[in-house]
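Following this line, the structures themselves.
Both complexes below contain chain A, partnered by chain B and then by chain C.
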Partner chain A sequence: MPKNFTSTATNKFHGGIHPPENKLISSSRAISKFDSDKYFRIQINQSSFQNIEQAVEIIVIKGQKVIQGEALTTFQPLDRLNVPVHSPCDGVVSDIELFDCAHNSSFPEMTIVIKAEINVDQNRSVTKIENQWKAKSQSSLINKIRKAGIVGLGGATFPTHIKQSSPLKTDISTPSTLIINAMECEPYITCDDRLLRGYANQIIQGALIVSKIVGCERIVFAIEDNKPEALFAVQESINLLAENKIDLSIIVAPTKYPSGGEKQLIQIVTGHELAKQQLPKDLNILVQNVATLFAVYQAIVLNSNLIGRLVTITGNLVDAPGNYWIPFGTSFSHIISQFNVPEKDLKFIIIGGPLMGQKISNFDISTSKKVNCLIFNKRVTNVEIKECIRCGECEAVCPIKLLPQQLYWFSKSEQWKPMEQLDLKACIECGACDYVCPSHIPLVDYFRFAKSEIKHLSSKEKTSELAKQRFDNRESRLTRIKLERKARQKKNALDRKQASENKSVDPDGKKTAILEALNRVKNKQNNTNKINTGITGEE
Partner chain B sequence: MEIELFVAIPPWLVEVTQAIAVITIFSGLCGALLGYAAVYFKVEGDPIVEQINAILPQTQCGQCGHPGCKPYAQAIANGEAINRCPPGGEAGIKSLANLLELDVIPLNEECGEESLPRVAFIIEEECIGCTKCIQACPVDAIVGTAKQMHTVIVSECTGCDLCVPPCPVDCIEMPFVETNLINWRQQKPIEQSIVLN
Partner chain C sequence: MKNSPLINSEISTETRSTNQLMILVCAGLIPGAITQFYFFGWGILINLILCSSFAISAEALVLKIRSRSILATLKDNSALLTGLLLGLAIPPLLPWWMSFIGVYFAIIFAKHLYGGLGYNPFNPAMIGYVLLLISFPLAMTNWLPTQELLILKPNLIQSIELTFLGVTNELNNIALIRTMADGFTMATPLDHIRTSLSQGFMLSEILEPSEQNSSFSINSLSWIWVNVAYLVGGIYLLFLKIIRWHIPVSIIASMIIVSTILSIIDDQIYLSASDHLFYGASMIGVFFIATDPVSASTTQKGRLIFGALIGFTLIMIRTFGSYPDAFAFAVILLNIASPTIDHYFRPKVYGTKTTVKQIPEKQTPVKQIPIKQIQENKSDDDFKGLNNE
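Moving on, here comes the complex of A and B:
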């Protein structure tokens, strides 16, 4: 292709940091074989929409035989959010029970345990259906993606089918764009880098599929400048594309954290800053992570469901750091033993990167769709949290231009209203402020605490509003019934009185009958008079 | 004569008069608009009672000595103490004190103790279908009919405890609301500690 399709990014986002990358630890080893375990613990809910009311339905029973890739759960047709999970191996359902999961609350989650009968075969020969997808309709492709259990594999696990189900418009002045997010800006993580080096063709294929689904005019591949090999692989595979009807270009951005954040990425690529509450689709943009696109390729072209992913295993306690295909549901203790991690030195594992990741000290949990990297580091230093010295460092690095220092004070004194005014909701919990804070204040923890309390209060408000309405309804119903009963009693008493009076003067009721007849005639006359004179007053 | 008089009016005076006229008309319009808005958007009921009621937790349990939160809100507006609502607890007293510019006082122990949220549970096998609990429930959170088993709509139950005493066979329990992945709350970070890095 003669066209020069690679360019350097000219747009920047506010703030950001340059932490030590520590990527070479794992990126220098090619993707290698991982000996999988005999047991897999699959949490039934692995997308970011945890919702008990919309819980997925388990469709296997204890003792049932399952094959690799078979769906273990399903979803209601009306429920928009959930995605199914699948068996990573041929085996037997040995248990369906609550197990600990990688959630901050350390609450257990419903989990399906599969005992493998044959080892997992990541490259099981598949019936390639190659270019058949080109003839398929958009909705059938989206359906297939959902059925394959695909969620955002950049770590956010947002259901992919929801992101893709709003097609991009063609009537807006900005061209409809699919941005391939290959920034991978967090330190230590290299799985996207390695995936690109090995499978750039497949990822571009995945992007073409998604671009057909949402109907976009151009694809922009965005990558940081610290991954030259991956960049080269992508350039090669774009060159190989035979016919290229779609406008495909590459943007190389200088390495800066968090350039992989959706808002920041869009700003780098287009120069537009997403306003508050604005979504990428409002700018006619869809962002997809490379691992997600690879999963789309696997689902659509190879007809295989999502049962595992490339995971970066890294840190100074690991004997062979690198990237491995690890089936979902693999226990952390198995990984610890596979990589000869000395448990006495291991105080906690970091899931994800050191900035946005999560520290876990319970090793009796298993991998899931959100686990893209596991860091096993020997603890180096203890730091002491000190008072905020109001240095303003945190403000300078915040990519959303928030005021972390003020948010911190309000969260500490539990004043939620001003925090909402300072737009706490927009905080992406990137941890840049944490990283630079000289007092080592766990700012993000304070923000998460505030978000959780605000959510709690608003749900409390909702329930009390409901109770109030139900109480009021009941009160008005009771008063209505009471009034009705009173009116009835009054009428009955009156009737009884009249009846007894009538009886005394007119024992056989003849007189009353005559009187009533006379009354009727009179009424009729009155009515006609009224009509004639046009009087419509009281009778 | 008249014409001369007219001409004698200096142009600045004309401008000033015009300006005054414009401003008068404009403010008149604004006034009319405000007046109309006041009538059109009139707030129903006594606003201060409504504001107090909005703070009360709407458990409708009657521990404050009133047949529901609204009557207690009315009573507070009439000068009753603000520390009689156990479900609202300390936080409730604080917001009431804040709203009414009163001092924060401790919860009146005679009314009860602040407790964790509860929800009613009917042991369905033991329910004889007497409908007594339905009559007691202030928010219609129990469904059932005579001689049929009754059950609690969990999402609607305020945990007020009022259905427990009337039940002739003691088949209503009040377990604490379970914490799960949905209603779980993040802990406040511990200040001035040492963190592992």
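Moving on, here comes the complex of A and C:
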């Protein structure tokens, strides 16, 4: 292994911002123990992939005993898209009900409540460490990853097995690359940083597993320069790798938000932009977050399903900010009581980072696979929203090079068509424009609304288009039938006319009958003559 | 109510608010304003105070009529800035009612009838200025000569009297003051040059320092100083990133290019680039008026085009038009064009240019590493049986 496998990024993306990082609040404390609650509320659908036809199905009933890591939901056969959820503890299914969840739409979702109990009667399979993953087939590895319930743990929660099930191509000019995303560019969040410091070896192992699944020629580990400890840990663990069949390198990028976005990361590492409708795999690239790779390692090597994750608990209201292993389904109110957050100062919790996350004020909601950070902050000032002065700062920072200011203008007057022309669809909702806006306009909110409106309208348009097509088809069918009928009638009339004309010459058809009979006789005679002559010729 | 979690105060207060931006632009005017005050006397200060108080009162009045929150909106300081800009643009000792008409027209017609801050297609201060220039051309083109040339220097009281009453106790009126200034009435250098050129003088004669035109050189020097002061203020704005470089740089560049081409053609008729840059309202226009974000172009490419066209229009009107200075006209003309400029000069959205091309036929050689071999064994059938495993 050459020593100089670490290099600084040479490519960069347009715009970007440098918000105050606030990472030291939580990164200075080592991963510590978290006292779990007695009750867990598991949302059955925790991946970003939502499809009514391919919904997950609950396979437990109320009162059923479950063990830690047991699957609570399954997926239909041949359904390759959904991922199951698992019980975070030994216990009993105490309820299955609709409940609020941390979702933008704030619609309630089906949840399974599990009461923690010590089950002695269940046979627990002994965890065996699997070192022979190298000999397994790709499909069995992918299947295992799916069964373990792994989704993208960077916050997007896209099912990992879908990403991995399309192997990287060889017919593209760029080398097939697995990019390990350790950018963690959002302020406050430090869980990936802490995970790397503690489990770099396991993460590299996870990356090797994934690289085997998709068959890539090189692995690039990408990290921002504000995490030197994590970088050191990774360098150490790469040095430890005895032999390397794969090209493994590290790229250190300058700290800039949103460098952790998939498109921006690809731009930093390769210098290429993804065209519209293109996915990373079209550029021969697979991007995976470090937490996802750690989960892959756990699933493949330790045979354990995904039942919890490292969560950053931070903010100025928390008494011991840091990173904790928190099982999925832990309610926010339990976390609030564990960290002695004064509830009277707490108006809302921020899930995820301050730029892309969401605000939650219902504290009965529970954590899920997408919750990588919880910020408990005291609200200091109210910021006033002013009119847009078209200063253009938003354009200067937009990593997609959109014109947020013009998009805002059109969205206020609900002109969706020009917004589509301005490529609203390409917006990654990173919030950089929100951050720099001197008038504090919540631009991304406007864009999200516009996007959903456009989606709604286009689906409506499609339905009406379909209805119109049906109508047109019916009309054309009716006219066709009408024409056919007319043609038939015409033909019948003609036939009748002809028949009646024939009748006038030969009223009861006797003449033709006689003629036909005569012809028949003639033919017969001719035939017999032929035969006779034939015979005589032989004699 | 803002929904984005960004509102998380620790983060969002890091960036400058609109209120701060406006007040910082006002602060950028200070060096220029002081220099103007030094050279042209109390009239400048009176103009500034009058115009800004008119502007604030006009804004408050309209907000009251539109039943908007007055204090919250006044805090954005945009009306103050309009008032200050207009106060610096109009000649000192202008009758107060003219300032009143200019400012009220700017705030009510050019700003609030379009919807207030952020919606005005034109720079309000310049609309007010142009209204005054067209309505009262005599009063608006007669600047006082620099203090040094005045025999009767009006003091504060006299200046106030002149502004409000037109006369002082000593029975001096503005015209008298002007004519007593060394027989020099046409005050601004650009004006003087224009008149002299029309009388058949050559530029070398007009600009050459000599006994006859010593008053001109003294007067023009004061204008150069004023422009230098605005340049300093403008550089401060650029340094604090309150304005972006695109518009100032493109205006200055196009002014230099156009005026240099003209002076190469005939340096006895057409002014040189340095004269254009440091006479008249050039620097305040470049840094403080053309950069008004609301009415300017907003895309980065668009701003370059916007600025270049302002510079071109400015030189054209100054050289061939019937006004000695034309910053207001140039800016307003390009304000009209800025939506179109924005439409045609958008940045290329991410992903519109792709650098990776698919290789159509040729297969790149595959390295034979163990991982690859297993990769090749995989087929789609493996996935179909996923769940049965």
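Descriptive notes on the structure:
Here is the rule we go by: the second predicted complex is superposed on the first by the 448 of 539 C-alpha atoms of A that agree within 3 Å, B and C clash if a C-alpha of one lies under 4 Å from a C-alpha of the other, contacts with A are read in each partner's own complex, and residues count from 1 in each chain.
Just so we're on the same page, a residue touches a chain if its C-beta (ideal position, glycine included) is under 8 Å from a C-beta of that chain, and two chains touch if they have at least 3 such contacts.
Values in this document were obtained by computation on a predicted structure and should not be read as measured data.
Within the superposed three-chain model, A:Q235 lies out of touch with both chain B and chain C [touch as defined at top].
By the touch criterion stated above, A:G215 is placed in contact with chain C alone, chain B being left untouched.
By the document's definition of touching, both partners, chain B and chain C, reach A:D445. Of the two partner chains placed around the shared chain by superposition, neither chain B nor chain C is touched by A:N11.
When both complexes are overlaid on chain A, the residue A:S249 reaches neither chain B nor chain C.
Put simply, more of the residues of chain A are touched by C, taking chain B and chain C as the two choices. After overlaying the two complexes on the shared chain, residue contacts for A:E453 are found with chain B alone; chain C is out of touch. When the two structures are aligned on the shared chain, A:E465 is found in touch with chain B, with no touch to chain C.
Once chain A of one complex is fitted onto chain A of the other, the partner contacts of A:F107 are limited to chain B, with no touch recorded for chain C.
By the touch criterion defined above, A:R474 reaches chain B but does not reach chain C.
On chain A, the patch touched by chain B and the patch touched by chain C overlap at residues 359, 379-381, 383-386, 440, 442, 445.
Residue ranges on chain B touching chain A, taken from their complex, read 53, 56-60, 68-70, 138-141, 155-156, 158, 179-189, 191-197. For chain A in complex with chain B, the touching residues are 50-52, 103-105, 107, 109, 347-348, 359, 379-386, 412, 414, 440, 442, 445-446, 448-449, 451-453, 456, 459-460, 463-468, 470-475.
Within the complex formed with chain A, the residues of chain C that make contact are 2-21, 72, 76, 78, 116-119, 244, 293-294, 296, 298-300, 303, 342, 346-359, 363-364, 366-367, 369-372, 374-375, 377-378, 382-389. Those residues of chain A whose C-beta lies close enough to touch chain C in the complex are 13-14, 19-20, 22, 75, 77-80, 134, 137-140, 142-143, 146, 165, 167, 170-174, 187, 211-212, 214-217, 245-246, 263, 271-276, 278, 283, 350, 352, 354-355, 357-359, 375, 377, 379-381, 383-392, 395-396, 399-403, 405-406, 422-423, 426, 431, 434-440, 442, 444-445.
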